[in-house]
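Encoded as structure tokens, here's the structure I'll be asking about.
To keep things simple, chains are lettered A, B, C and D as they appear, and every chain counts its residues starting from 1.
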Amino acid sequence: MLRVLVTGGTFDKTYDEISGRLSFGATHVPEMLRLGRSRVALAVETLMMIDSLDMTDADRERIVKRCAECEERAIVVTHGTDTMVETARALAVDIREKTVVLTGAMIPYAFGSSDGLFNLGSALSFAQVLPAGIYIAMNGQCFPWDRVRKNKEAGVFESR
Amino acid sequence: MLRVLVTGGTFDKTYDEISGRLSFGATHVPEMLRLGRSRVALAVETLMMIDSLDMTDADRERIVKRCAECEERAIVVTHGTDTMVETARALAVDIREKTVVLTGAMIPYAFGSSDGLFNLGSALSFAQVLPAGIYIAMNGQCFPWDRVRKNKEAGVFESR
Amino acid sequence: MLRVLVTGGTFDKTYDEISGRLSFGATHVPEMLRLGRSRVALAVETLMMIDSLDMTDADRERIVKRCAECEERAIVVTHGTDTMVETARALAVDIREKTVVLTGAMIPYAFGSSDGLFNLGSALSFAQVLPAGIYIAMNGQCFPWDRVRKNKEAGVFESR
Amino acid sequence: MLRVLVTGGTFDKTYDEISGRLSFGATHVPEMLRLGRSRVALAVETLMMIDSLDMTDADRERIVKRCAECEERAIVVTHGTDTMVETARALAVDIREKTVVLTGAMIPYAFGSSDGLFNLGSALSFAQVLPAGIYIAMNGQCFPWDRVRKNKEAGVFESR
């Protein structure tokens, strides 16, 4: 059994046609799992729905707490890419015996051209087979939390 | 380094607007990797482009031979779902020290509603971390070749 | 008030994932109208759901009869492209005081890359403003029924 | 012969993955015409690429001037919806012998769920057959410039 914790990020941004701006509504994760015909036994839980640039220490604390308390030992966290590494670091302090994989997208799922579905398939797969630890799965790759950085110019994650 | 061997299947079916029928053209795998912004070091090679119901023993022999001879130790094979288990069985006879993950799709990638991108992200991830063996990755799950069957009524893969 | 008569054709072909073949289910026209945010006052009615190569004289008679009997004076008929001109000719014999616009698609709407939405927007627009007559609207153009042919090699409609 | 004048608006907004914001790049109109398999003889010209809330009187003057000077007598102007009616009014002052149809979208074309392709098919069709005048084509309908308003709460255009 696996748990998906939704925190927002580009992944879940949507277009508000009245305001003409990007905004957050309900998460797209269940729709994405249907599209991917996922048969992975899992529960989806929305913790927050925010841009990761707006994420506070208290928000991070909630994510860590939920990962610690939930009964699943395999967890995927959807997260904005800008501070994904920072949240991974916070998780690494407290979570020792679970496999937590953070993932996200560079393009909102609601856009036809999103990388979100690929990343979700990838993160769910890594979460099922990797040993306990905190990881970031982006671009088909998976990095331990302390060996990755976001290259903000190129918009990709890379080893460090 | 990883190798993707393309053999056709629903994954790569396309709509031929002149004949009004489904057909095969060039593989969509490179386009899917771009969409997923994959940064996995890999080579894509098209072995054949056929419906898996039309796959002969000689075709299977070519797939096995290519898996044996290529230098990569992690291989993803895109394949029609109808005889995917049969090809997995043929691979299991000869391939001992490589991780080979077969994957496919229930809906062609060229259709907007395809599960292909999710499955490709999943298969590439499993192939990077699983020990040597022959596997089928579908619906977000990964099965050893000898413990899976396709449920043709439901259109899903399940343990047996 | 406008009436949309659905007869099938490529427009409405869908992918049957169990059989791996193209087939017909319910029409996509209502979904397309929602996507286009259409506010045109209209009724959608499915007359048949067939490939136009399979259309018989009796089927054509049903289409002509329905166009004659319905109360609307502006009608859009969705139709397979292969025999669209033939049905237009049958309509021209009997329908004198209504504007009937036949349209279709070269790629099924269910494929992401379909021309269907463009053609539907076009056909609905021509039907609202053209004088009584039988027309074919494809590729953004509109032809009187007796001055058009399908170029089967190129997959386009052109003047003759 | 028809001319498409591009001015920006929601129609052409795209997602900038580095900044995480909506922005403008090159117009999507040529790609949309390819997707719709348009065979309408036309030229596409980008006049500006802005949000219509940022459009100044000088910008409007440029649009009017270009409509007056170009040799085509049928013109489609792609435009943000917020001030589309205002630009139509400016055009009505000076353009007397041409058919000018303004259109746009509530959802960017780059989003899978856009109404843009439907609206473009519709606007091109109205522009080919309506008599000289200034019109707004949205939601499958076409309004003379002085009998339409945008209902900002509902995000639709309606008669007034």
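Criterion: contacts are C-beta pairs under 8 Å (C-beta built on N, C-alpha and C of every residue); 3 or more make two chains touch, one makes a residue touch a chain.
Fair warning: this is a prediction, and the values are worked out from it, not measured in the lab.
The set of chains in contact with chain A as well as chain B is empty. The set of chains in contact with chain A as well as chain D is empty. Repeated interface: A-B and one of C-D, B-C or A-D share more than half of their contact pairs by residue number, and that pair is C-D.
Mean C-alpha positions place chain A and chain C at a centre distance of 44 Å. Chain C and chain D have Cα centroids lying 26 Å from one another. Between the Cα centres of chain B and chain C there is a gap of 38 Å. Counting partners per residue, chain D has 106, 112-113 as the residues that reach two or more other chains. In terms of which chains touch, the assembly is arranged as a closed ring, every chain touching its two neighbours and no others. The full set of touching chain pairs reads A-B, A-D, B-C, C-D. Residues of chain D touching chain A in their complex: 10, 15, 17-18, 20-22, 51, 82, 106-108, 110-113, 152-153, 155. Residue ranges on chain A touching chain B, taken from their complex, read 32-33, 35-40, 106, 112-115, 117-126, 128-130, 137, 139-142, 156-158.
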